[in-house]
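Heads up, the thing below is written out as structure tokens.
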Amino acid sequence: MSAQLKLNNVETYIGQFHILQGISFEVRKGEVTVLLGRNGAGKTTTLRTIMGLNPASKGQVQFNGEDIHSLPTYQIAQKGIGYVPEDQGIFAQLTVEENMKVAMKSDNDQTQARLHYILDLFPDLKTFWKKPGGLLSGGQKQMLSIARAYINENELLLIDEPSKGLAPIVVEKVMESIMEMKENTTIVLVEQNFMMASTIGDRFYIIDDGKTVQSGEMQVLKDDQDMRRKYLGIA
Amino acid sequence: MGLIETTDLTIAFGGHTAVDRVSFSVDENHFKSIIGPNGAGKTTFFNLLSGQLTPTAGKILYRGEDITKLSPTLRTRKGIGRSFQITNVFPNLTVLENVRLAVQSQAGIRYQMLVSYKKYKQVEAKAVEWLELVLLDNKKETLACNLAHGEKRKLEIAMLLALNTDVLLLDEPTAGMSLEEVPAILEVIRKIKETGDRTILLIEHKMDLIMDLSDSIMVLFNGSLLADGTPEEIMKNETVQSAYLGGVGG
Amino acid sequence: MEVFFNLALNGLATGMLIFLLAAGLTLIFGLMDVLNFAHGGLFAWGAYSGTWIYATTGSFFIGIIGAIITGLILGMITERFIIKPVYGNHVQQILITLGLMLVLSELLKVVWGPNQLSAVAPSFLQGSWEVGNIIIIKYRVFIILVGLLVFLAVQYVLKNTKIGLVVRAGVMNKEMVQALGINIKKVFMLVFMIGAAMAALGGVLLGPYSGVIHAEMGMEFAILAFIVVVIGGMGSFPGSILAAILVGLSGSFMAYYVPDLALAANMLLMVVVLIFRPQGLFGMKG
Amino acid sequence: SNSKESGNESSGGSTDKQEETQAPIKIGVLASQTGGLEAYGEQTLRGFELGLEYATDGTNEVAGRKIEFVVEDTETKPEVAVQKATKLLEEDEVDFLVGSSSSGDTLAVLPLAEEYEKIMIVEPAVADSITGSEFNRYLFRTARNSSQDAVAGAAAIAADGVKIATLAPDYSFGRDGVSAFKEAAEKLGAEIVHEEYADPAATDFTSNIQKVIDADPDYLFVVWAGANSPWNQISDMKVQDKGIKISTGAPDIAALATMQPLVGMEGFSVYYHDLPSNEINDWLVEKHKEKFNGDVPDLFTPGGMSAAIAIVEALKKTEGETDTDQLIDTLEGMSFETPKGTMTFRPEDHQALQTLYAIKLEEKEGVPYPVPVLMRELSPEETAPPVRN
Amino acid sequence: MIKEKKNLFYGLIAVMLLVLPFVYDSRSMIILLTQVFIFAMFAMSYDLLLGYTGIVSFGHAMFFGIGAYTIGIFMKQFEPTVPYFLLAVLVTVVLTAILSYIVGLLTLRLKSHFYAMLTLAFAGLFLVLAEKWRSLTYGNDGFTFRTPEVFRDRFDFYLICLVAMILVFVLLTRFTNSPLGRVLQAIRENEPRAESLGYSVIQYKIIASVVSGVIAGLAGILYSMSLRFVNTSVFTMDITLDALLMTIIGGVGTLVGAIVGAGIIEFAHHWLTQLAKVHWIFERWIILFGIVYILAVMFFPKGIVGTLQNMKKRKKHTVENKDDKNISG
């Protein structure tokens, strides 16, 4: 399988701060790749760099073999990349419905089918369909954010800590949905919930101090207690 | 009599009753966790306790006194402090300044207007101490808005701890915090409780973490109180198992 | 009774005129959250260019089109060079758009001289009908119709397209909208251009209403437009048309029944509305 | 170094006559060169320059002394006016001040004239209070004041038994104008049946006009200034069709263009280049056209010219002496010829009594605006306002 | 150490300004500087609201105007003597304090834009009042008045204004750096959070509002005393906008910025009008003035002082970062 997304020695500055100092990884089509690392390691910044929100100043970001690191964000998104940001990015004054509408690229049967699927996955969204997004509970916002990324047919999804604030049973549902989607959609996942990460992840990369320091099949990490302790602080 | 008691506490937004006739009581120096599905009304319940919202019906007693109508400000001063689920800091102030403001309030320095704030050395020292405790002292001079998500969560906790209130309401303090730091932070919270006669209410979705921390767990469901008991009792509850934990939590 | 009708009709017309001025601002301030103090400048440019084109071509219609095109062009330039760097920062918006306002109204004098210019309605809109003692001024009926037309058109576009949503979403979280594959910069520019064109349309229509246009007209009316947008509940078109009509009617009736307070009519109206409905007439709470 | 010293002494105002007569006389002119009153400022300045040329026969000299003038822009802001006036008095050390376009600016500058004991020729500010409650002995006004306008307005229409309603903007200018008009009109036997004041910033004057119609007067006398004019609406409301005749002061040419609906109206004028017939005016019109590519002088051009003439005439009388007290003595009661005929500074309040014109607005071939046509001249005596200082 | 350097610098400038009239005898410069000082005070009072508390007001002119009219009316209707002057100051303080208290209370109810527009309305009502209460105010033409002997000399008045400005600056610097001042900044950043830290936000806003209103009133007094004239223009939007622009150009939330801004606007204005006489091209100098605003935002997005401070911080930061690296590496 070829690499669908490839980061090659990416460096990113935010203002004068040198945040990413050499990130390299490959994401294979149809796999779930998990980015791990401590708080402040640069995981979120990596996703934002891919999306062009914090453009890379050095290195390459390639999507389907094409350089995308100098494109504006909306063009990157149009290439079929969906994004669930860490802070959910809900449009607070828009209703749940309007939040979804802004995201929808088309309104055909396929989209409607996806919408059905999503509303079955997160019934809460249906209940509060006409409610301003800002008034949702923390977990409901997280659901809405995921839903917005699911509504379009994307080749690649970047998901930043989806399990954050979700009840265990919902986490389970999200995991299931990701597994279901894997066939058509490649996924890059940032996750602190190791249970979740290790269950659905195919490979992992560990980021530390703005650099990718370890990588491999998920099974490797599951087996290697030392590595877990060293980079993730867990046994 | 409990330290905080509510009777039939209710709040409705339009047609939606987010907290529905909840009566509960928590004793001094008790550690109670609150769980429940998303949208069950946990955060709203905290908002009622801390005064961000006023209930449509019901009463809140704190140390026997009716505080239902008090402002958040006064409740904090009386000793009910809280942290927020959605990080809620002063974005363009430094991390240190964020915590310093909390210490300053705790020290009762409110209306001094002609002395430099730097004269209050002990306030700043105390703030640094708190930052060290939550492992954030290396980011003292960073503006709060430039923190990574997990770091903001720590700042949020530091600000609450710095208030040094008798009651701590913690709303998912560890959401998004890195694996290695969650236990450390919870340990800090536990220590605080033990050394300082604190009463703690904690909202969490990470069952494994709260099982051994909590003296009791209460479950909210669709706004109402479903169960309240020891961790073991709660784990045995069927509804909790099927509607909240699913297959994972156990 | 006739007096009542006369006052009501003219108040309504004035209200519609004010709505035309405020419509562009509702779009720019209400949806895009840009405090555009140069709105009055765009408005004055519409008035001058439209009146001038009308005078040279002899066609009122071409004059109006000309004003709209002027508005679109100025809107594009303004958005591109002045507004774009300051999205999301009110304080900077105030400073930079006030600078632009000075430039725009002073440039008017360079092009058309410092004197006021007279502006007349085309002959088919001049004069008035008299029904009993009720006087119906043709041009005002025209204004009411145009006002309604603009209102309906904007409502239709906002209701039936995503553009309103996208703009509002873009203001709340620009990054996220882009991450959803929308070129928000283009959308903002488009909306700003339309807002500017609406200002220009208001300007060119104001001319024959009062008979005169002058370089200082911008600031005077911009404040009125701000009042309307705010008491309407920011960003709400039904709100601003209602607020505009209220301003028109209250001005008209107060000048007749309580002339001593006429000077304060707008301010009093604003105070009353904001005290009883702090979020504006159609504003959402919180 | 010797000569330099003596130069210094002479400017201190002492002995060396030879030196002193050669030092130029300086005049500071304050006018609005930017902002809303820019057009008025321009008129004054053109008039002033031509006035100097005329009065000195093109030599720009009087009694052997050169005349220099410095123009400053008040921007129609009192604080700027004060700054600029101080600069003129302090740095340019002017002997006279002239100005300014707005009454507010002028009022703000008056105390400086007193403080520095310099003559100020007020032109074209119109507020009564300048020569009334705020009067000081250093100011002389070549401009007409509100009361003169009012008296002229009254003279044009008021008579025994005539019922008049007034419409004016609701601020000092309008209020002053109407109260002066009322006094004058009632003296002539007319009755003021209604006073209407409108928000000057309003777009809609329907209510005000409606009230005037309700009062059913013979005449509607309008005191107006500023761009937001009510003429269109007066005509749309068919006021004239209801048998109410309109009267007002004819404004400058730009504003006349907006008065198309009022053709046929009888009122008064301060100046229109056709109205006076005298040599100075002929000279002014001709020179003005020559100098400003065909433009004719406008409302306040002769005022600017008169101010210059007044100064030069006074200096001729003092033989170039700029001693303030001597100048005051000279100016008080002085009569001088202007484009508007003979003006006289009344000794009591230093207001120049002057000719105004009863006119009728008529269409004229080849002129794109209604033209004020002379009905009769209102003599300086006839339009003399009450003394109020 | 850095702070000492800064204080030394400010002190030096203050001394220079104090001796200036004794060495450089140009009255129009003195008058210009007097204006700068007065507007600097006014702008600083505005900065306290905008920069430190995060309140946008479009009606700050009303406090300025109250001061300006109070002194005018006292000097005109009574006697231009020092006791009456003091009485006028007292009345101004009381009036502006009461009014700003009420306005401060309203911030409780109204959110940003709505609050700004309401203050605009209030100022507008005062403008109408000044227009209509003609027996006292003489309508929009305004009136001249005399001031007590001690204020008549322009050099003395210059010094009085300078000292007043320095006092206000020192006072407000203290004020904003006090624990209370820090809370104001917290309120600017996140009002509900400040509340839940145990600060009663509304009281702080009222305090800021009152301090700011009173200072604006005092600036108004000096303003109309410098002109010995007052008219309705003191209540207009233009006055508020002046304060706003000065604050923004100098740098919001810095206090010195307000002074720098006042200086820049007044001097730019002065020079540009002078320029108008040099060549007819510059007759439309207002265009240049407008361009100054635009360029200010482009090149000094945080205001002049703000941007300079940022640059300094950045330097410091990069140095620190390097140190960091060295230690870890």
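Going in written order, the chains are labelled A, B, C, D and E, and every chain counts its residues from 1.
Operating definition for what follows: a residue touches a chain if its C-beta (ideal position, glycine included) is under 8 Å from a C-beta of that chain, and two chains touch if they have at least 3 such contacts.
These figures come from a predicted structure and were not determined experimentally.
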Via touching chains, chain B connects to chain E in a minimum step count of 1
Going by the contact rule set out at the top, which chains touch both chain A and chain E? B, C
When the centre of a chain is set as the mean of its C-alpha atoms, what distance in Å lies between chain C and chain E? 32
Rounded Å distance between chain B and chain C, as computed from the means of their C-alpha atoms: 48
What's the distance between the Cα centroids of chain C and chain D, rounded to whole Å? 37
Each of the following residues of chain D touches two or more other chains, namely 34, 170
Check each residue of chain E and list the ones that touch at least two other chains. 131, 286
In chain C, residues with contacts to at least two other chains: 106, 109, 263
Using the touch definition from the top, list the residues of chain B that touch chain A in their complex. 13, 36-40, 42-44, 85-86, 146-151, 154, 172, 175-181, 205, 207, 243-249
Counting only contacts in the complex, chain D reaches chain C at residues 34-36, 38-39, 42, 170, 196-199, 201-204, 206-208, 210-211, 214, 227-229, 231-233, 236-238, 254-255, 257-258, 260-261, 369
Going by the contact rule at the top, pick out the chain E residues touching chain D in the complex. 26-28, 31-32, 35, 131, 134, 138-144, 146, 154, 223, 226-229, 231, 233, 273, 276-277, 283, 285-286
Chain C contacts chain E in the complex at 82, 85-86, 89-92, 94-96, 98-103, 106-107, 109-110, 223, 226-227, 230-231, 234, 260, 263-264, 266-268, 270-271, 274-275, 278-280
Which chain E residues qualify as touching chain B in the complex? 174-175, 177-183, 185-186, 189-190, 192-201, 207
